[in-house]
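Structures are listed in the sections that come next.
Same chain, two partners: chain A is paired with chain B first, then with chain C.
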Partner chain A sequence: MKHFRKFALGAATGLTLMASSALAQQSLLVGSTQVPRHFNGAIQSGIATAMPSTQIFASPLMYSDSWDPIPYLAKSWETSADGLTVTLNLVDNATFHDGTPLTSEDVAFSIMTIKENHPFKTMLAPVTTVETPDATTAVIKLEHPHPALMLAMSPALMPIIPKHIYGEGNIQENPANLNPVGSGPFKFVEYKQGEYFKLEKNADFFIDGQPKLDEIIVQIFGDTANLVMAMERGDIDMLPYLTGVRDIERLDGTDGVSVATKGGEAIGAINWLAFNTKKAPFDDPKVRQALGYAINKDFYLKRIMGGFADDATGPITMTSPLATTDVEQYAFDLEKAKALLDEAGLAPDGDGTRFTMTIDYIPGGVETGRNLVEYLRSQLKQIGVEVEVRTSPDFPTWAKRISSYDFDVTQDLVFNWGDPVIGVNRTYVSSNIRPGVIWSNTQQYSNARVDELLAAAAVETDTAKRAELYKEFQQIVVADAPILYLSEMPYSLAYKDGMDGIPTGIWGPASPWLDVSMPE
Partner chain B sequence: MKSFLMKLASVVGLLFAVVALNFLLIQFAPGDPVEVIVGEMGGASDELIAQLRADYGLDKPVIVQLGIYLGKIVTGDFGYSIYYSQPVLTLILQRLPATILLMISSVSVAVVIGTVLGIFSAKRPKGLLSHFVTIFSLAGYSAPVFWTGLMLLILFSSIIPMFPVSGMVSVRGVEGPVEYVLDVLHHLVLPTVTLASIYIALYSRLARASMLDVLGADYIRTARAKGLSERQVTYGHALRNGLIPVVTMLGLQMGQLLAGAVLVETVFNWPGLGRLAFESILRRDYPTLLGILFFSAVIVVVANLLTDLAYARIDPRIGSRKKKAPSPQKAAQ
Partner chain C sequence: MTQTAMEPTSAMSKPAKAASIPDEAAITPAHPATEFVRAFARNQSAILGLVLLALVFALTFLGPVIYPLNPYEMVDMPFAAPGGEYAPLGTDYIGRDILAGIISGGKATLAVGASSALISVVIGILIGSFAGYFGGFIDAALMKVTEFFQILPALLLAMLLVSIFGAKLLTIIIAIGIVSWPQTARLARAEFMRIRKLDYVNAARTAGAKNSYLIFAVILPAALPPLIVAAGLAVGSAILFEAGLSFLGLGDPNVMSWGLIIGQNRNYLLDAWWTVTLPGIAIFITVLGISLVGDGINDALNPKLRRR
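Let's turn to the complex of A and B:
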């Protein structure tokens, strides 16, 4: 046994040495628990697909850290004065990984495919046609002005897919979804289901000198504990979408590992409490506001979230140019909370209890979910509200409860996805109250002024005016409190010391890793 | 031959019953795969949801879905995985070898070590080793398998970084076939030890009890009286009979071993059927889950058939005079 151990150890060390000397010098090994259904981001949203899809496919635009568009496949672009035409001037040297040149035909095909198949219907709904006067010009025609189009042209939302490969048959079943061909910085090599997928450098990438890496391997883990341990040991080089506060703290304190707590603001994951506004007593805004004043957010941010989460005060992610902080802040005030409940006619009974309610949470999230609701259970007792925590065994169970309105209050984590038209509107517009659909307006919130403002902001091309409309929307929604905003989700990224070009932009790791490089 | 055909018919019937029961049980779980897909997409339109439900036949009544499914199974069509967007059979065949490797290695380790420990402690039932085996088996048997796995991981992967934390082979790739085998073996050690730990306990207790029983039997006394050496008595005479309960148990345990594999594969990120089953449950991927359950049922049935054969080999009375010998199932009950 002893001998075997020595032998196994020796063999393993030998292997590691051999492997590192024989393989590419710029190889990045990423660990992730996200399992992509496939790699075609034109028909599938979510970060599991977006991360590889943005490496394999290029898109018209990229974005800077300050939310400004940067040329990518589009060298330049202009919007007509009436806002009904957006013209893209494409680069002429982009080719797909199979050698076929990328033309405006592919851009037109991709846009129409996304419009018809992508789950985010509002993203490209106003697009009527895409004209292709020549190979490097694509003219997008709109039914009405659609400022959200700009962020929708980001890598995470608008991969340009080759028409000659995806153009035939039912795209949902196209075999190239699992064997993708794009024009992005990395070529797809293989996907071993449940183990890993591998990408390699696209030597003919249309931007010279990029990417820096020779290959990317993403190893898929079934369990976060295991994944964090692998990072700690140095088995993997990078760990994106790290959410657990204890995991972040642990890796932050590990020698040889750095943690970036920034990145992914455009995805804008906000952790919040949502009310079933059709169910008494939560149909009364005073009750909802009272709970807002009763939550000590400082305690939540500092203690429960360990200081790793940013405050969230409204429906739009804080760094967005359209966000405002000029809204009700719900400063912690138990007396005010009690007074509001008194006003709502919810007087305490003999035991000091005003009413009993249930709180659900998305299973899996420790700090953002379980710990938060446990805190609320003891905290809300102070204003005479008895909380019963309802645990769901898995995600579908929770989703079923919430989407069939079988809940009082639930913790929820919802993404902005760039422009408010894509990810914010759905939670508040009354036309999106759709039973059975999770992440629709499951609060059943309906406010005519909110509907009006969101409709107007969706077509307003002047950014300043648009921000004004969204400002009023944010003020109303925060004051009405169908939702209490708690924090932005900390999406941290752990990486090996000495690595460079870490993807910490507004789309985080769901953007092309052009500058990522390994230590020499 | 006739009895073999009878057996085969009952096996086929059993498999059908298993499939139908599984299918109906799954319907009780709240939520369906389309809700999960839509959830991970971050929301979707009504049309897309309706289209997905229609694509996967989820809009039909349950009984119709079951009929369609059974009809397909007969032709060897296990359907299309809703979540992983590929044929279920491809998915399962990709994962099956990893699970079979893990099961075979765990069972071998458990049976060999368990039996040896059992024999030794049976020979000196009051000795130090016997007590040690008793305590060790009790601990191994009571500890939840995922806990054992996590502890081994912390000890032998984190504190003493001797073994890899995850996977079946280094994802960065290895050079030649010999290195590949060594790499897999290196990855295999901790999962095997974890999964075997419960069964070592079980088999050592079983072997100990049965050997104690057998060693006190008349024919052993006769053997000793004939002047046979202690070694001949133990291994030549006692062990044969002493092993029967172990073999019986082995066959019966196959189902549980698969259940244990779900946990071990999840803890060690082993790319086998168990982890796929776990992920399919979370994603309500019915076709995949049903496919896995079907294959698991097949594995268990085959294991039981093999047990019967092995049983007959160890104890020739069973093969030749079937009626008089107790069936293995009965013996275990």
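Let's turn to the complex of A and C:
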């Protein structure tokens, strides 16, 4: 607290700020609206925890911009020919922040803890045991081949937590979740709940010369408007996870501030329209396709999203090596849309109306939610579809409606989280039609071939063959259209001019900030 | 000006006078309708209010005939500035015509104002009249309820009701009515307490009139004038209330209203001022008009203020 006061005071008077930052050398002040529940990414998903967790904890692998694994805690790794054993050879100089050496015991403990506690159940489900023949070797035994394991070993999904601290008692209640001890580039200093948290450089980090920063302070803001203003004024140095189009435009036009519009592709948030495929008339693929052709995506991307969102044409995030663009593109064509509705037997009545439908959206999203549905109201009228917009006062209300199938069409924002097995399958496999569970297969989509393909792809270790299986899957679901894909969520990051090493990799800011540095 | 304004006055005075003879004339003999209209017409700000209201009604009810455009139709690029080729007052965030929105939003805005005010006045009169007429325990109990509603922050309560029961126009009307009746209730109570002691009421009671007859047929007509003024002002505040709810994102998205246009465009105030300012001016003019007319009626009804 004392330190933070000093900083705030420093920010108030320009001269003092210069003096104090010269003293602290490389201090980064980050602004965020995300309040982390705690810092233990082994048992908690979401970017609020992942961003600090990836600074505090190291993981077996990191990933390059082209989705290739890079050694991190594991200096090398190999998968057995049958795909049932993955061996990690760990670095021997990694220590936790309390000075204890990191060993294969900790890796085994972490993997089993994540398997049992992390919300992403499919991520490590096939892991049976982790053997530890010596201190620097961890052997992961699998029930069946599990290629998704590679991306699951990323910093955002597999923090290696110390067994001697988290091994006692119920991990959900472990006090170290709020006072974490890891082996990552930054040590946890303090967290004032809902106000700020502070990390400092781990001088004993196992990679020499990294990190560049001496300290990171993340100040938590109550609302985005204040946060954006703070960035505009130069009160903060970096603003990750910027989503509002107007906010991005505003900061992009601010002197002294740069905006990176890439980063976080592996998180792969896709904005889409989902149909209740068990409810007429949306049980007819022709009706769903018709709406696909009626949406002018160019208008949506350029006008509503201000050109800051990338196109999405399928269920797998576009930059993933497993994604294909060889799918139906739903090129804007109102006549085709009308023809499809005619074929589906939905002729216009006297007023030109074919049918009325409701559209829901996740409350809070302005461009991706409300503006999109308002656009659809005007746009779909042109093909004789009357739209009634249903607002939800809060997230639980929306989630309850969708997960109890009380909807026609809804906007939704769903995350890939690396490998399709983790974040994609859940939306399409018929075994995941689970009433009451949001982000399960709430479309109630059921296609035997899709189930078969996803099951096969989950265990296929040959990357090329795996991509083929996913290609067919993507072609089927795009053509069948239980979902119309609109765009990737723009996760932009604003930073002060002159900063270097900005985290724009596939995991974006939810990856270790090893190279981030402040201008001299 | 005064001459012309007085002409309809004399024409109207006869039937109005005849109607008011039985009870009203007996209590307040200095209240003939001629006097009222004359006093109202002398009040320049009241006349201005009438003109403003006439403008608003013309816009709302004649507008769609002169400018028949679907407010949901995208006519131009988003955020086209006023004076453009397709949209005289500019467009909103998806290119819908602001003028069409203002014209078609007037109906809902006025409907919300009038209906909510009606609800609040009906509840207010019922509670206030019973409290004022019966006094004692009933008065104390009803006034406690009134105070309970008065100390609740009205906007928060309305937001809560709309959140729970859904952002539908009907819900919004009821919510505004429910949170804004206490003032009318207190006013009605004061009037009833005053009037129930008057001789003519006692006379009616002695003649064997029942309580319900005394309340609704004997006292209420005499208590009405200030309540009518309060109802008028309640319309204005209900319109502001609806705008406030819409601004907070709790408007009915399926019914175009001025508040909704403002609420949906408020993020873009700095980029496209017209999307928020123009419907805001429409609300301002309407509420100002109602308020001026309300004050005019109040002054005209109050003999002490008549020559002000």
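Please note the rule applied: the second predicted complex is superposed on the first by the 499 of 520 C-alpha atoms of A that agree within 3 Å, B and C clash if a C-alpha of one lies under 4 Å from a C-alpha of the other, contacts with A are read in each partner's own complex, and residues count from 1 in each chain.
Here, a residue touches a chain if its C-beta (ideal position, glycine included) is under 8 Å from a C-beta of that chain, and two chains touch if they have at least 3 such contacts.
Worth saying up front: this structure is predicted, and the values here are computed from it rather than measured.
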Partner chain(s) touched by A:Arg303 [first = chain B, second = chain C, both, neither]: second
Touched partner set for A:Ser27, first chain B, second chain C, both or neither: first
Touching partner for A:Arg377 - first (chain B), second (chain C), both, neither: second
Partner chain(s) touched by A:Asp394 [first = chain B, second = chain C, both, neither]: both
First, second, both or neither for A:Asn177, with chain B first and chain C second: first
Partner chain(s) touched by A:Ser45 [first = chain B, second = chain C, both, neither]: first
Chain B versus chain C as contact partner of A:Met238, first or second or both or neither: neither
First, second, both or neither for A:Arg434, with chain B first and chain C second: first
Residues of chain A contacting chain B in one complex and chain C in the other: 394
Contact set on chain C toward chain A in their complex: 72-74, 77-78, 93-96, 162-164, 167, 249-250, 253-254, 264, 267-268, 271
Chain B partner contacts - residues on chain A that touch it in the complex: 5, 8-9, 11-12, 15-16, 18-19, 22-23, 27, 29, 35, 37-38, 44-46, 48, 117, 119-121, 172-173, 177-178, 192-196, 217, 219, 221-223, 225-227, 229-230, 232-233, 235, 394-397, 399-401, 403, 415, 417, 423, 426, 434, 436-440
Residue numbers on chain A that touch chain C, as the complex places them: 244, 246, 303-304, 366, 370-371, 374-375, 377-379, 381, 388-389, 391, 393-394
Touch list for chain B against partner chain A, complex: 29-32, 35-46, 48-49, 55, 83-86, 91, 94-95, 150, 153, 157-158, 161-162, 164-168, 170-175, 179, 182-183, 185-186, 189, 265-269, 271, 275-276, 278-279, 281-284
